[in-house]
Every structure is written in C-alpha cells, then in structure tokens.
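The first chain written gets the first letter, and so on, giving A, B, C and D; residue counts start at 1 in each chain.
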Amino acid sequence: MSRIFAFRRSENPADRIVPPSGFTARLTSFTAAAMAFLAVFALALSLASGKLAARWSEALAQTATIRVSAPAAQMETQVAKVLEILKQTPGVASARALSLDEQKKLLEPWFGPDLPIDALPMPRLIDLRETAQGFDAEGLKNRLEASVPGAVFDDHSAWRKPLVAAAQRLRTLGLVAILLIAGATAAMITLAANAALAANRPVIRTLRLIGARDTFIARAFVRRFTLRALAGALIGTAAGMGAVALLPAANEAGGFLTGLGFTGIGWLLPLTIPPLAAIVAFLATRTAAFATLKGLT
Amino acid sequence: MSRIFAFRRSENPADRIVPPSGFTARLTSFTAAAMAFLAVFALALSLASGKLAARWSEALAQTATIRVSAPAAQMETQVAKVLEILKQTPGVASARALSLDEQKKLLEPWFGPDLPIDALPMPRLIDLRETAQGFDAEGLKNRLEASVPGAVFDDHSAWRKPLVAAAQRLRTLGLVAILLIAGATAAMITLAANAALAANRPVIRTLRLIGARDTFIARAFVRRFTLRALAGALIGTAAGMGAVALLPAANEAGGFLTGLGFTGIGWLLPLTIPPLAAIVAFLATRTAAFATLKGLT
Amino acid sequence: MIEFQQVAYSYGGGELLTEITLRLPPGSFHFLTGPSGAGKSTFLKLCYGELHPTAGRVTVDEADLRKLSRDGVALIRQRVGVVHQDCQFLDHLPLAENVALPLTVTGRPVSESDLGDLLAWVGLKPLSDHLPPQLSGGERQRAALARAIIMAPDVILADEPTGNLDWEMSLRLLTLLIELNKMGKTILIATHDMNLIRNAKSQVAARVLRIRDRRVQLAGSDL
Amino acid sequence: MIEFQQVAYSYGGGELLTEITLRLPPGSFHFLTGPSGAGKSTFLKLCYGELHPTAGRVTVDEADLRKLSRDGVALIRQRVGVVHQDCQFLDHLPLAENVALPLTVTGRPVSESDLGDLLAWVGLKPLSDHLPPQLSGGERQRAALARAIIMAPDVILADEPTGNLDWEMSLRLLTLLIELNKMGKTILIATHDMNLIRNAKSQVAARVLRIRDRRVQLAGSDL
C-alpha cells in the first residue's frame, strides 16, 4: 500500500500514468543528450571559425602598393597625379605615399640600418587600401600606364585574396555545421518522442477508454517527455561544455587562431541548447500525442 | 489467402516474423540516415581541414633569414663561417646564401629593375630552413653574435608559427569532429536498435514460447535491423554527398583553402559510412537480441 | 439510458450487425449472448462510443454519441463503467492504483477505505501492491470489474467478465452486480455462461438479448 | 511423459504450490481445476519450462527441464503444444500465418490443405486473412488452439481454452482434443468449466487434478 500513499502524496498524480523507465523512455533523454553534446561542439566550432574569419579579415586588410619611379624633380607631381587617380578610383578606401623614413625601415632587413638612401634613385611607394568591394585592378593598371608611365602597380591580392576567401568560407562552414547539427538534433528528438509515444499507445488507449480527457493525457505525456528532453540536453550540454573546456587552450598559439573553446560571454551561448531541445520535444510530443489521440475514438 | 502464398514464396520466411513498419522500425533507418548525413559532413570537414593544414604547412615552411654585413673582401669568409655554424646547429634543415641576382629580384618591388646593386654596400642574405622540430633561435643568435658580429638573425617565426599552429589545430578539430560524430552515430544507432528491439519484446517472447530457437529469432531481427540501418545510412550518405557536391566549389578561391568537398578518390571515403553503420547495427542488435532472449525462459 | 435506433455496423466486409432498435432503460439488467464472433463485443463498443454505427444512431441519455465532442465522449465514459474482454492496465502501476485510475484521471479524490472494500469484495485486497503482469487471468478480470465500478457509474457494461473465473467467484461478482442494479444502475453483461444467466434470473428481473442472424433480439423463455 | 518430483513453486512471497509429485503418462487426458489464482497457469508454465520450480524437479521424457540447454527447451516446446491463457500473436501476420508459425520457425513445410482443414474445424477458415487484432476474444482462443496443435505435438497443454467460447464451440474443441487423445496425445486442460469436464468424462477416461491448499491432487468422483 505504501506505493499508493506515495502516489497520493505526489505533486502531480497525472505524471504517474507515464511509464517511468525502459528503453523508450531513455531514448528521448539519451538522444537529447547526445545531440546536445554535438551541438555544443558545433557551436564552439562555429564561434571559433567566426572569430578566425574576423581576425584574418582584419590582418589581411586588402592592400596594394604602387611604386613610382621618376626623375627627382618630377617625383612630387607624379606622386600627386597617382594619388589623384586613386582618389577617383571606386573601391579604393585610402591611399598614402610613404615617407622616406618609412621606406628606409622597410629596406632595413635587406641592407641594414646604414643604407645611404638619399644617394639612391629611390622610387616612392604609395600604400593603398581597398574597400570591402575591392577595385578593378586591370582598369587601374591601364589608367596608370596611360597617365603616369613611371608608376608600377603591385597587386598583393594574388596571395591575399584566397586567404580572405578561406576565412569567409570557414565562417560559412561553421554556420553550415551548426545548422546541420541543429536540424539533426530537432529531427532526432522529434523521432525519439514519436517512437516513445508509439510505444505508449496501449497506455494512451487504456486511459482514453476509462474516460480520461485528451488534454489530461496529452499534458501528462508532454510534460514528462519535455522534462526528459530537457534533462538529457542539460546533461549533454554540460558534458559538451566540460569537454570543450578540457581541450588544449588556444592562447599558446599567440591568438591568431583561437582554438575550439568559448570565451567570456560565449560560455552562455551553449546554455540556449537545453531550452531549445525542450521546446522541440514539447512541440513534437504534443503533436504526436494529439495525433495518437485522434486515432482513438 | 494471397498473403499466405506470398509468404510461402518469399525467399526467407524468417524475415516476416519481424514487424515491417511503424515508428520503431523507422527509428533505426532514420537514425542511421540522419547520422550518416552528419558523418559525411564531418568527413568532408575533416578532409578539408586536413588538406588546408597540409597546404599551410607547406606554404609556411619554417624559414628564417640571416643578413651578413661585411667589407667586400671579408664577405665570402664571413658567409662561409655563418654557413658552418648553421650546419652545426641542430634543427636547421638547410642553409643557402642567396646569389646577387636573387637579391636583386627581391628588391625589385622597392627600387624597380634598374638598381645599381653592385655599387651598393649590399649585405648578403642567407636563407635557412628549419626542420620540423625547429631550432633554438636564442642560442643561434648568441653564437652568431660571438663569432660573426656582422650577421643579423631575422626570425620570421613571430608571424609564421601561429599560422602553422592554426593549421595544425584545424586538422585536430576536423579529427575531433569526425570522432565525435562517429561516436554519436554508433551510440544513436545502438540506442535505436535497442529501442526497436524493446518494442518487439512481445514478438520475441511469443516466438520463444512456440519453440523457435534463439539463433532463429536473433538472426531474423539482426538481419532486418542491419538491413534497415544499412538502407538508412545509404540514403543519408547519398543525401550528404549530394549536399556536399552542391556546396559552392572551392576552386574559385585559388586553391589555397579547399572548400568543403571531396576530390577524386576522396569521394570514395564517405562510402565507408554505410557499411560501418551496418556493422554497428549488427553488433548492437545482436547483443540486444541475445540479452532479450536471455531474459526469457 | 442507452438507445439504439436502426443501428447497423460493419467492419468493412458485410454487415455484422443490422437493424438494431432497442432501449436499455435506467435500472435495467440485461444479458447479451450469442455464439463466438457474433458481435457481442462490437455491440458493447457501440454503447460507449469506441465504435460508431455505420447506419442509424446510438444515444446515451438522449445524446447522440457520434455528435458528441471528444471531451463529451470522455464524460460519457466516466458515467459508463466498462469491463473489456481483453482487459488492459497500466503495467507500471500497482493494482490498487490501476483500479483507482478512473478517479485519478478525472481529478477525484480516492477514498482509501472504499478502494480497500472494493478490492476485498473481488478478493484482490492481498494483491493491491502487485503489478498487473503479476496477476492471474481471473485476477485481471476481477480487477477490471473493480476499475469499472469504482466511479459508481450509472451504467455498467461487462464483456465476458467471468470467462476466467471459477463458479464461486463468478457468483460473487454477480451478487455485486445485482446489488448495484438494485441501487439503480443499468447493467449489461455479455456472456456465454448460461448457468450465470439462470442464476441471475432467479434473483433479479434480468432480460436476455441474443444475437442471431445479425440481429439483437430479446430471447424468450427458452433458457 | 511429464513428471513432477517434489516440486514447489513460489513467486517470491510464500509458496504458491508445494509438494507436487505426479506423472502425466503418455496418452492420458487430464483436467486441472482450482479457484482463480490457485496456480493453474503456474502449474502449466512449470510443465513447459517457462518457469522453473523453486524446489524439486520437472522432467519431460526423463529430461530435467532445468538442466536442458536453451535449444533443448526450444525442442521440447516443439513437442508440447500450449494454449496460453492470454494468447499472444504476431499482430502483423494474418491469422493463417500465425497458426502456421510453429512450422515456419522450425523450417518445416506448411501443408496448405492441413492448415485449411484445421482452420475450418475451429471455424476460422473465413478469417484466414484477418490480422489478430481484428479477431474476437473467442476467435483468438480458437486460433491459439489451432496454433498449439498444428505441429501434431505429443503433449497439448491448454490454459482455459474455452473461457470466451459458447457451449457449442467448446464442445467442438473438446471433440478435437478427444480425437487427438485417441491418437495417443497427452492432454492437460486447465478450466473452470465443470460442464466441460463432465461432458469429456462421458467420452474419454479423463482424470481431474484439483489445486487445493497449495497442492495438486487427483479429484475423486465428487464431480
């Protein structure tokens, strides 16, 4: 009789009509846990690749150099002409002639600090920065050739562009990964809830036959399965966050590529997974429960 | 009666003892499909990051430069001395003094092609390549300072090392991702097989009671579930490969970072997923079936 | 109470039951007989709306079962206690909770002593803690009857409630049903047991419905 | 054929059955009676090894059921046809395939005409294509009996095989079992139906085992 008393003491007797254990019950929790675990990793991956892409874009700001060779007397006019052209070129964010000191510094690795730079027929260098849209390199080259024959355009993009594209693609990959995992998580939780509910069809049928109302039956199952999914997702998320935290830290690499990990407020992001899993389970169980009930008179 | 005749005509009547449809049946196929789909992506990600890492390592071969400044007469001896020291330094793979022509080419972007290089007090440059282990930069610096005061060591690693580390980390991430997905796939298929088998417990019990032998019962279920997992995984893999093939191609980015995709023989790799899923399903169902049977007298 | 008007039913093949027009007045006591497969269980299922007639209509207290909302049907079932032929329980709940389930699912309080009395009457008191799979065939039937009457329903429909019971226990259950009938409950029992019917007739004004030629007829005195 | 030696059985509480020593010789015809919950089903389960005695031993053809391998038990069950009280079928297979299942699972050929004859005898021929959930209670019992005897087993154990059947059909099944007994099969039927026992006794040398005070005893002529 003790069980009955426990029953009567229990807060919500409706909960007891749902079989408490067995494989179908574990199915929902475990699926939610496993998929939450994966989702945490996908999230970490996505964040990391996003951060990586941002850093690369920054580090590889789109630049180019124009070298102006001219007799000393005409140098200033020629440089001014080039700057004027650049100003009119769409896609150029900024352009700036380097000072002699700056140029000297650039050459130091090759000549040492003692280069008699003033004595040399040094060309002047103009640094330019593209906008995000970039500019038409071929057109610029042609225009320069026509008006300032001594100007040589050196487009670094040959090796920079792919790096930026790579960064962008990484960001996309991260996003694709998280969308895939999120989709699979939702699908798996829905499936598990449906399978568990299908296994409970006899229970639902019996309840309906003894006069229980649809809402009573559905509520009990929905409540239980949502809680199971929530609990599973919590465990999976915690395990995933723990595993991510245990991964070798990224800092050692100098910060150019952050490793797989959350930083600061990023740690809050995976905490959205359990509620989302619970919402999916809630909707899936509700739909499945009412579909099952509709099939019973 | 037509059904009975169909039954008798069927190749393997044992197959018919397994309920053909319903949620628990779909569970195994669908789980296998969803997880195979994810696994294909994980595989693509892993391959892509592996390739990326390899290219970076190649492109960023660990190099450093030594600049030797000396009066023209002593230049050759000094350079030889440095090369000798480098030969004795552990971790240096190769070292080579650049020819004057090579140096001129390096300077072209800055001075144009007409630099009177012979007239200048040009230092000589020595290119060295590290082994994978790297060398003790501090020690080398000190030794050079002591024996060849005109030699200046320029370690590029400050900006190269993080890139290489990033590449390595990407490779690790790809591996971690594929291991996680593989583990989750195995776990989910096992769970689905167990749940489906639990739902079939009454069938197994009935069969056992009418005198069917354990091996007969187990074989029928194992066969069916393995085939279901295989079919599901095939569909998931095909869908995954299709999706990967539909992703924007990587080539446009100049090949520095391959995108998410398989190339050449890489397309065969995801084809290992369905057999692996089938093997997991086989082992899981077999274990579960015999465990269920052990529980019945 | 329950009224059939020109009711026919078919599972998809030919008509199983046809042209049924009859009334089970409140406080009446009916038996339903007929050979196996005649449609007794089908008839009972029509009474509480598990099946809907393919023709005609079934009303419970003037309410057409087909036109009721799902909650309306649930309410009817709370007033009609049914012993199903294949009695199903929630296998994870002990017997006592299973018997009290109709109260639980409608949010009514469970009186410990009433439950105990009822279980004692059907001889299941010592088994209160047992799970349904641990019960014998006859014990399940008795539990099903207990579950059907715990709500003190106005109508009790019992499908072969004594098929797995010994004669003594059958009489005990019959006595219980007769007592309930005397309290005004409407009773309908599908059974093959002619002895049970004879015995009941000696105690109460029981009438016998017989399914013959797809029709449900009042049997004469030929028992 | 089946022999009990000082057998006792307990589900965990007190002993349900105790000190059972008896023999069911080949070709014998026995009934088993006792009040509901006395242990009839338990006794039958001991006979075919679904349960193992907590004391003593049960042998079938001199083979101790407890010492047999799992395949050995399966072999015994192929020679012992059982009608379970809660007859279970494979719900996705039509009736005819369910009845033929014991042949299928042992790889034996199914004779279409034998199967047809058997189904006709138990009155299920027109329902061959039906799935088990579409059968009435009595039809399930008849199907279970058909499934139990399709292998032409040496022993037939039937647990309440007529609980949901009308008298005519019960007699029909009884006739079938008596025919089988005359062909040398050993028969043991657990039932509450005294009329059935009386009727059988008039046709065959049937003996009655009665469970009383946790013991299984041969009943006298007090029927």
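Heads up, the rule we're going with is that a contact is a pair of C-beta atoms (placed from the backbone, for glycine too) under 8 Å apart; a residue touches a chain by one contact, two chains touch by 3 or more.
Everything quoted here is computed from the prediction, not taken from an experiment.
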| query | Looking at C-alpha means, what's the farthest chain from subunit C? | reply | B
| Rounded Å distance, subunit B centre to subunit C centre (Cα mean) | 67
| remark: So, in whole Å, the Cα centroid of subunit B is separated from that of subunit D by 62
| remark: subunit A and subunit B have mean C-alpha positions lying a whole-number Å distance apart equal to 20
| task | Check each residue of subunit B and list the ones that touch at least two other chains. | result | none
| When you check subunit D against every other chain, which residues touch at least two of them? | none
| request: Take each protein chain as a node, join two nodes whenever their chains touch, and name the resulting shape: line, ring, star, complete or other. | output: ring
| What are all the touching pairs of chains? | A-B, A-C, B-D, C-D
| message | Looking at the complex, which residues from subunit D come into contact with subunit C? | response | 11, 33-37, 40-41, 85-86, 123, 134, 136-139, 142, 159-160, 163-169, 192, 194-195
| message | Considering only the defined contacts, which subunit B positions touch subunit D in the complex? | response | 1-4, 7-8, 13-14, 16-17, 19-20, 202-203, 205-214, 216-217, 293, 297
| query | Which residues of subunit A touch subunit B in their complex? | reply | 22-24, 26-27, 30-31, 34-35, 37-38, 41, 45, 48, 52, 65, 67, 69, 103, 106-107, 109-112, 114-115, 120-123, 125, 152, 154, 159, 161-163, 165-166, 169-170, 173, 176-177, 180-181, 184, 187-188, 191-192, 194-195, 197-199, 247, 250, 252-257, 259-260
| message | For the complex, give me every residue of subunit C touching subunit A. | response | 49-52, 70-71, 73-78, 82, 84, 88-94, 96-97, 100-102, 104-106, 110, 112, 128-129, 147, 151
